[in-house]
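The structure under discussion appears below in the form of structure tokens.
Just so it is clear, A, B and C label the chains in written order, and each chain counts residues from 1 on its own.
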Amino acid sequence: MTAALAAVRAGITRRRRLDLAFAAVGVCALALGLLTLGALLWDLGADGAGRLSWDFLTSFPSRHAEKAGILSAWVGTALVMLVTACAAVPLGVGAGVYLEEYAPKNRFTELIEVNIANLAGVPSVVYGLMALGLFVYRFGFGQSVLTAGLTLALLILPIVITATREAIRAIPGHLREAAFALGATRWETTRDHVVPYSLGGILTGVIIGLSRAIGESAPLVTIGALAFIAFLPPAPVKAAAPFLSFEWLMSPFTVLPIQMFNWVSRPQAPFHLNAAGAGLVLLTMTLAMNGAAIWLRYRFRKRIKW
Amino acid sequence: MVESAVAEPTPMSAPTAPTPASAPAEEKPALKAEARALTFRYGAHAAVKGVSLAVYEKKVTALIGPSGCGKTTFLRCFNRMHDLYPGNSYEGAINLYPDGINIIGPGVDPIEIRMRIGMVFQKPNPFPKSIYENVAYGLRVRGVTDRSVIEERVEKALRGAALWDEVKDRLDSLAFNLSGGQQQRLCMARALSTEPEMLLFDEPTSALEPIATARIEELMAELKQRVTILVVTHNMQQAARVSDTTAFMYMGELVECGPTRDMFTNPKEKRTEDYITGRFG
Amino acid sequence: MKRQFDSDLDGLRALILRMGSLCEEMIHYAVKVVIERDESYLGDVQTWENEVNRLHIEIDEVALRLIALHQPAAGDLRLLAAAIKINSDLERIGDQAVNIGETGVFLCKEPKIKLGDIPRMVEVAAGMLKDALDAFSRGDVALAREVIKRDDEEDRLKSQTFNELVHLMQRDASAIQRGMDIILIARNLERVADHATNIAEDVVFMVLGKDIRHGGDRAGAAS
């Protein structure tokens, strides 16, 4: 073996060692993160799994820890999420589509873009304060499901707008040109091509936003969500005409994070177990939404290829 | 036995002497579109400078030239594609016949022009939809809702693009499952579905392999009986094969334009000769 | 930008010019057989004929290959088309030279006979061939057009020779065989001039893209 070849081989061995070293560091970092997460989940599960039962899910909160349940909390969460989605999706997607497809590229538009990014960083409590002044008092919506939903919608609006814009930007220009070349107007191109092709990304963004919103408690506390609600909002469907009721929008409410916070701040240990159980339910709801996002993204990705 | 005199055959009129060696007078083809001193600017930079070009009806006109000579920019003026992007300006005129309107005139609606003049792009770009929906989109934009009419026109367009037999059993499958050459023919069918007066081809075969290229060229030769065609190509042999008229552009200007057979056997300009023989470009 | 193709075309041109100069020599020597009544010159003519035939095949092969591989257009295409045609004309000129030489050998064995205008015809034909090849080499259209005009003189000289010899043969029957041979030689020389004219026409086509055969050169005739 010549000296030159030996030197090259030694060099390669050294470089391979560095390669392995980095891989090892990476694995350690990953393991650390995963183990911590695992420990948290284990802790939560150990405490809360025992409390999960049908009764737990269908009982109202009570002064007695064993009888307390999360019925009002998870129904409240679901209803608030519904309002959030109904408000955030049209506003966010509409704004995203407008900014990408219609808005002229000038200083004003750039200003708007920068501020949307800023909004994403505003602490959620500030949204609560704003909602208190605007929705609760000035508009008179009161401390209701509607207010909560609108507040959270505003909170996640930047997420939805950004996701929409990213999804639309991913559409290659030549697809738009193909539509225009056939004589389509900008609205027709947007409606028939841009939005359908970006639905996967948009949906993902919406669900990421909802996942964030579902865990928010600070703004809801600020607008006055109560912790001890022993009743459900009125049902949306009525027996008599007009069969649909919107009274539930104006009703007081509570949500899972607030219920959890309330229980955790009590000194009695059983309430802590309740909080853990509620946490598991919240976690499940979040994971279910994320799972839906992944599944939807997969479904749309299959049909769209470019 | 003396034969009776054979009856004189009915005298035919004396055959006229063949006309002397000049080519039979060719019918002057009708004009479909005409660019007059067309100048196009991206911002301050002029990519097309004062080009005047006649495009004859139901003939194939090819635009050749080195990269960056402005031929694609010139082509995209015909269907106002540049309007989609800000900062561009036109000068001069492109007259469309028989009505004589100026395609780039301020009062003319680009949507209307795009409904009369179709385009096939360089890279096949079918919509991520089914084959049927791809071809039907142009009709939907025109407000055609009758399902039977759409089906009929879709079939006609697919036959016109020589694709019908290959896809008739799978019209609902995704366009992306087709090969590159088939996708490009699908894009041609999509453009044909609206029965345009003129078709613009922007280097239609540069992304395709030779057999697919040959099929598209055959299609163009057939289509020109019904539609006027303007094609940009960087492949000179393709221009020689498919076109009736060839125009050579260089650095934004039209250097020479003439019947293809003359351009390729005896061009007038030295720059044209140098480009065609591969001495530059 | 000099392309490999340009070098190939230069090579083809060189082959044609080589073939052309061989033909010129063949005519020169074949005529010597007749005028100097020396059979030995025929040997060289026949040697050169073999080379000319070999070049005939090679030039066609080269030209065809260049067309197939390069898809030439415009000037290059016209050069290749002209090369193939000139190749054919030169090969026929070679054949004519051999015929002259062989007829000359017969004449050597017979008593001498007046040659009439044959020397003048040789001058004209050889001159036309040389100038046509020069025109090809330089792309000289004016020279080519001028060569074409000289064909008329050669035809005139041939008729003159023909008439002279007919009279001779009428007066002297023993001279018929030799007289016929001279007429054949005159015919060969006139054919050489025709082929040189073809070459000149091909040169005009090659340079200008104009086909001036069969009276197509009104502009040239007027000048």
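Worth pointing out:
What we mean here is this: a contact is a pair of C-beta atoms (placed from the backbone, for glycine too) under 8 Å apart; a residue touches a chain by one contact, two chains touch by 3 or more.
Here the structure is a predicted model, which is why all the values come from computation and not from measurement.
The interface carrying the most C-beta pairs in contact is the one between chains A-B. Chain B has the Cα centre that lies closest to the mean of all protein Cα atoms in view. Comparing mean CA positions across the assembly, the chain most remote from subunit C is A.
If each chain is reduced to the centroid of its CA atoms, subunit B and subunit C end up 49 Å from each other. Averaging Cα coordinates per chain places subunit A and subunit C 94 Å apart.
The distance from the centre of subunit A to the centre of subunit B, each centre being the mean of the chain's C-alpha atoms, comes to 52 Å.
Listing the residues of subunit B that touch subunit C in their complex gives 21, 236-237, 240, 263-267, 272-273, 276-280.
Taken in their complex, subunit C has these residues touching subunit B: 1, 3, 5, 71-78, 208-209, 214, 216.
On the side of subunit A, the complex with subunit B involves touching residues 104-105, 172, 174-185, 188, 192-193, 197, 303-306. Against subunit A, the residues of subunit B that register as touching in their complex are 79, 81, 84, 86, 111-112, 114-115, 118-119, 121, 123, 125-128, 137-138, 140-142, 174, 176, 187, 190-191, 194.
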